[in-house]
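Right, I'll just put the structure down here and ask away after.
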Amino acid sequence: MLDQLWTSIADAGRELVRGRLGSRRRATIQSLCRDLLSTKGEASGAALARELVEAYRMMTDEERQSFFTMLAQDYAADPTRILAAVEAYRQDPSPRSVQALRRACETPRHELFRRMNTAPGGTRAIVDLRRQLLAYLPDRPDLEPVDADLHDLLTGWFNPGFLTLTRIDWNSPASLLEKFLRYEKVHKMRALEDLKRRLAADRRCFAFFHPALPDEPLIFVEVALVTGMADRIQPLIDPEAPVGDPESADAAIFYSINNCLEGLRGVTLGNFLIKLVVADLAREFPDLKTYATLSPVPGFSAWLRQALADSGNKVIAAADRKLLAALDRPGWHREPETVEKLKGVLCRLCAHYLVREKRSGRPRDPVARFHLGNGARLERINWLGDVSAKGLEESFGLLVNYKYDTGQIERNHELYTNTGEVVISSAVKGLLPAQAG
Amino acid sequence: MLDQLWTSIADAGRELVRGRLGSRRRATIQSLCRDLLSTKGEASGAALARELVEAYRMMTDEERQSFFTMLAQDYAADPTRILAAVEAYRQDPSPRSVQALRRACETPRHELFRRMNTAPGGTRAIVDLRRQLLAYLPDRPDLEPVDADLHDLLTGWFNPGFLTLTRIDWNSPASLLEKFLRYEKVHKMRALEDLKRRLAADRRCFAFFHPALPDEPLIFVEVALVTGMADRIQPLIDPEAPVGDPESADAAIFYSINNCLEGLRGVTLGNFLIKLVVADLAREFPDLKTYATLSPVPGFSAWLRQALADSGNKVIAAADRKLLAALDRPGWHREPETVEKLKGVLCRLCAHYLVREKRSGRPRDPVARFHLGNGARLERINWLGDVSAKGLEESFGLLVNYKYDTGQIERNHELYTNTGEVVISSAVKGLLPAQAG
Amino acid sequence: MLDQLWTSIADAGRELVRGRLGSRRRATIQSLCRDLLSTKGEASGAALARELVEAYRMMTDEERQSFFTMLAQDYAADPTRILAAVEAYRQDPSPRSVQALRRACETPRHELFRRMNTAPGGTRAIVDLRRQLLAYLPDRPDLEPVDADLHDLLTGWFNPGFLTLTRIDWNSPASLLEKFLRYEKVHKMRALEDLKRRLAADRRCFAFFHPALPDEPLIFVEVALVTGMADRIQPLIDPEAPVGDPESADAAIFYSINNCLEGLRGVTLGNFLIKLVVADLAREFPDLKTYATLSPVPGFSAWLRQALADSGNKVIAAADRKLLAALDRPGWHREPETVEKLKGVLCRLCAHYLVREKRSGRPRDPVARFHLGNGARLERINWLGDVSAKGLEESFGLLVNYKYDTGQIERNHELYTNTGEVVISSAVKGLLPAQAG
Amino acid sequence: MLDQLWTSIADAGRELVRGRLGSRRRATIQSLCRDLLSTKGEASGAALARELVEAYRMMTDEERQSFFTMLAQDYAADPTRILAAVEAYRQDPSPRSVQALRRACETPRHELFRRMNTAPGGTRAIVDLRRQLLAYLPDRPDLEPVDADLHDLLTGWFNPGFLTLTRIDWNSPASLLEKFLRYEKVHKMRALEDLKRRLAADRRCFAFFHPALPDEPLIFVEVALVTGMADRIQPLIDPEAPVGDPESADAAIFYSINNCLEGLRGVTLGNFLIKLVVADLAREFPDLKTYATLSPVPGFSAWLRQALADSGNKVIAAADRKLLAALDRPGWHREPETVEKLKGVLCRLCAHYLVREKRSGRPRDPVARFHLGNGARLERINWLGDVSAKGLEESFGLLVNYKYDTGQIERNHELYTNTGEVVISSAVKGLLPAQAG
């Protein structure tokens, strides 16, 4: 019923606006934004907001850039007001003055976006707007303040307390499942039939949804309920794999996690999702003993190729360099002898890459950063875990298990956060060369 | 399914926390809040949040006051950080510096509440917490900064874009209808049977809901679909009144608007609700010509009694003072002669009260402020519009129509906002004595 | 969605029929019925069925009687066809001939009702039609064959396999709960507030629904989860009674069972309902030890007064006759001494009435017949179990527990069905006077 | 909730039965059926029914045949009872005697199936049982009486008044859509992606469901909303075809109708489905002018090949025989010249086949029988309407439009039913050779 009402109100809103505009031509974006922030916006907010959302939708690329430029330039905080508030704070450093100063520092864009959100489909429009803004950012650093405001707002709106965790299965609407097909980037699917296997009795798929975007998964995780900590991905996603009995499983393997909406980049949801899913699985299957991921190492091959290209790099022994030359040979992973020779050296280098190659004190590998930051432990490196073209391309077929041990998460997270130390199993430790100093 | 999951996660969360606490005694509130804001909070946020919500629920009045005091004192913004940010801003008044200054002015409470919200039932707990805080405020002005933060957060979270407008009818769950019975303060009901009449074919009831509080109406409005602008409330709410045909109605009378959650005080929703409902009714019943309220004048009798007590008050003529003495006689409204005599003077005084008695440039009467602020026009004053004990007590039985004329709302609102001028009909104008100057 | 479609189809159907009728006057009922059974009925069945349903709804009492008379006379089985089929069967007593004979014995009414059922709301109309027919039956035995057909059809359609067992609680729609209020005849309620207590945590209410009548409970049972086999009704239905913890209950007391639709008289559903509810409760509360009713003895006082009036009746001893005279004194149940004296004699006579007063080999009391026929055991007779006006009136305040012991139901039922023997507890046995022979 | 209850009851039922069976070995099917029909069945019907359903499910093919044999032999009507009832009827041919005779002719199987239906999943089991029975029938004519009873019961239970018409779209559960994929036999699909196109804005798919089989479509129809009466199928089902605007369509083309459950063979639903869908579409799209099918002619090529083989057949002229030899050449339909030559002769022969080739006074072609029996008119024969392998195989690529003209349906149906006359358009008439006599 709700949806119906919104639509009708939308229509009504449109009529109101049309009436309002009377004979003058279509409002310019500038005047629309101005009106929406003025007392007119208070009186007929939803109607103006709707008009702005529609106007945005129909913008050309060029118009969109102008619109963002306008937001950056004309809707920044007012320096005069800030300075006055600073002065008032100096005179009387009371909570009230702090609040006034904070408000002076808040950009009018903030309020503009809040009012825009009252349009039917407003939240969706704003998430979309940020997606497009992010695409411009590399070339338009001047738009960063606009993005900062959007990130701020969206972080507040997508507070995990407002999200709903939903289990997806084969009874879900086809139109929804289609989106999972599209958003799955880690281990791609060709058709809904592939997805069906991933929703069978020994698999689970959970997604976060926000009430304002009821048909849009925000992030989802795919889990396999199996025996033992899985070391290869192909058996898990093979559409023809026999379906096991989830009741007899002792391990839950998180084999794919995907963020869906580019417009929510940087709004952290994955941390929460994993922990809720662990809690939910623990309740449904009390016999589960292991919660672990089977994760890609997306940056490994790029790093290794770079290291190989740098003749001064000392991490790779000269003997290993020779061996590694085999990696340039297509199909090396199907040559038993080569595979045998490469296993040791690649696993060792991967351990080094994950544990010791850092940027700003954090692991260079983004997937490692995510799970270690969540309090997981780097548990195992799996040789030929993913022999798909993508797996060979990005990590020479290696996959990694990060283990989520409920009793250790908090300790691991604190250690990692405070010292940057990567918590690893003794098996991984065994792969690392002794470190000087 | 969602609810089920939350509960299970809640339970799981509880287990996690219990495990975490190990042998040490139950966490004190202080340490709970500290942990929730620390890296521990990042790792096991939902579990700690849940514990805090539960701890809060079990607090005694005294403990609650200490908790609020702690929030006010220990979770304020850090002056050192503010001053440093101010200095940085002076050096480089870039958008980035503005943002940093704004963040420095944001209290840690803000983030604490945001994390608390991730608990199951978190939003409900925070709305409830504010309700209790508001009760302390009159005696504890030092807690106002805490309330300011809560108001800020709730205003963001309860953005109208996130609310759902729902029509309530006799097929709604009894447990929900019971709440409407309880929250109806303007024209009270004794039992669900009374409510049934208000949900019949020629009546409408619409409420706003928030997805995080799916069983709690936030605000609701009751509408009668009748012929002509109604001037008396009793026929509209009489449980025995015959049910009319809504299709033949030409007027929609908003005869009761109620805010439900004290914890959302000051979070404006009514403005939006009325306009959405107008739009929805216009769509369902294209023949409706008039949208108007039938509203109480809650401050009238208090003001009049005060004015009568003040012998220097010149608004009331000496002759009128004599007439008005009859108001002290119980049952005066059932004496035809008295009624005849009082009608003129009371209507005139009421018009004066609504239009000219102001505080800070706005009408003294709160209902008038609300509707005029929304862009409505003061249309008519109705003699003996509400002869219930409450109606006689608060306004000597007078009721008022505020008219919502879609084409005029924006103009009215601007005039009112910019100049404080009350837009009135010529009928009301006729009641006002000529004004000197 | 379905409902919407039916309505539209209904409308479409109406249009079709109107078009079809062209200029001739509204079809008479006779021709409508004839058309519906003819090839026309095959082509535009739903439209004609709809017209018949509407025509029926608008009939006066007199027209309805004529309609029933027509059904009885003109839509009986055809004797010529029966005799021919009998002859064919004699010639060749094959299964095919049996089937042909059966079909010859089926009245055209049967098919007429089946086609009528295809109208929107058809099932409801037929149930209603039977309700009205039943009201005529006492004076119109000639209509009994029509009722026999309806009973037949409805028994098939309301096969328990098609019913849904639904738990009713305070979250159910108010419009539905209102019906429970109306249909509750055993222990009446005044308002929805009374019902609320009967739906609290330590109570259960289950109803059967049929998909074609989704808003009509067919039969429902109210259960109290308590400690020990309850012996008094007032504490169970007192709206102010404190709510107990269902988890700690050891007995489920079925204290009210009501058939809702008079048009389904004789279509047995209660048997199934009780057993499904026992199974459901056993699953939800594994600690329940006792499943028993707390039932009225609706025929007791009528039988006793008759027996008292008959001076030749030997069941009542002369001394008892004197004591029983006190029953004519209003308020006797509030006189401690009288109560003391009457207890023994009334309990003994009630035991006699329930166990030995029979008609056609079955207990005279309808409630006893129902529960004993279901395989329950007559467990206990409770003195002053129901001191409401109704309770005193119909059974001098006595209530009875029938016990459903899962392991014994089948045996009890067989004994009762085959021999008419009433299975009783030793306590009840103790109340019965030794029987001669 | 319902489903949950059934399962629990099912489980409870199983426990009851297990307890009941005590130490004796698993009940034989014979004794189970006997018990279910006895007083035991009255007492613990659902539990026994459940056991029977489960036992049936686990039967081997051989056991199933024995079971059916038993039903045919041991559960037939009792001749003694029939003859007694015949005698009673002769003595007193009252309605009551007719009813008694009818009951005597009803087999105990009837009641056995009714009781079996009370098991959870009972209806599904019985539909399935009939499916398997039908597979035996060709070789086991002795089982026909069992099938006659099942057909009887299912016809009553699947009365159109109990079915729900549901529109299927891309938001329907994937698990449900998968069934449409499987049940579509007329124009097969390869994957859900094909189905997606058939559910787009300018297509409609409607299905009948029965409440006892909520996840099983019984029959469904696929409709294309297009401009003009469609003459070719490929554009309608091409997954890549552009989606049109349904509002601008003037014709609704029923291009595929499929029965889903073999166990419901002979239970007529299609007639109703088409008429409800016509009514629903007429309501949604008042501008639709034409309602017609685009139907296969499944028997045409078989008939024609037979006629060609029969040198004495006079319907085919000698010259035509020569032309038709081209049909043996694979790919003939892609040779423009051949196509040109064959068009006339094949269309004429198809018209002849549809209109004049009859069996028992009805057209030989099953699809023709269905639509003509529903009151449609044979409107047009479309050359190369279906050039798929199946289309060429069964009708040399011809498709037919049957037109549903609301105002004519009843007349057409009557004519067809009473005289066997096929109602045809003048275009089709033009194709028919003048008939002698």
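Letters are used for the chains, namely A, B, C and D, taken in the order the chains are written, and counting of residues starts over at 1 for each.
What we mean here is this: a contact is a pair of C-beta atoms (placed from the backbone, for glycine too) under 8 Å apart; a residue touches a chain by one contact, two chains touch by 3 or more.
Small disclaimer: the values here were computed from a predicted structure and weren't measured.
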Going by the stated contact rule, which chains contact subunit A and subunit D alike?
none
Relative to subunit D, which chain has the most distant C-alpha mean position?
B
Shared numbers divided by all numbers used: is that above or below half for subunit A and subunit B, i.e. same or different?
same
Distance between the CA centroids of subunit A and subunit C (whole Å) is 60
The distance between the C-alpha centres of subunit C and subunit D, rounded to whole Å, is 38
Which residue numbers or ranges of subunit C touch two or more of the other chains?
none
What topology does the chain contact graph adopt: line, ring, star, complete, or other?
ring
Using the contact rule from the top, write out all pairs of chains that touch.
A-B, A-D, B-C, C-D
Residue numbers on subunit D that touch subunit A, as the complex places them:
170-178, 191-193, 196
Quick check: in the complex, which residue numbers of subunit C touch subunit D?
1-2, 5-6, 8-9, 11-13, 16, 19-20, 39-40, 42-46, 72, 76-77, 79, 82, 86, 89, 93, 95-96, 98-99, 101-102, 105-107, 114, 117-119, 122-123, 144-145, 148, 153, 156-157, 159-162, 164-167, 211-212, 271-272, 275-276, 278-280, 282-283, 374-375, 406-407, 409-410, 412-414, 417-418
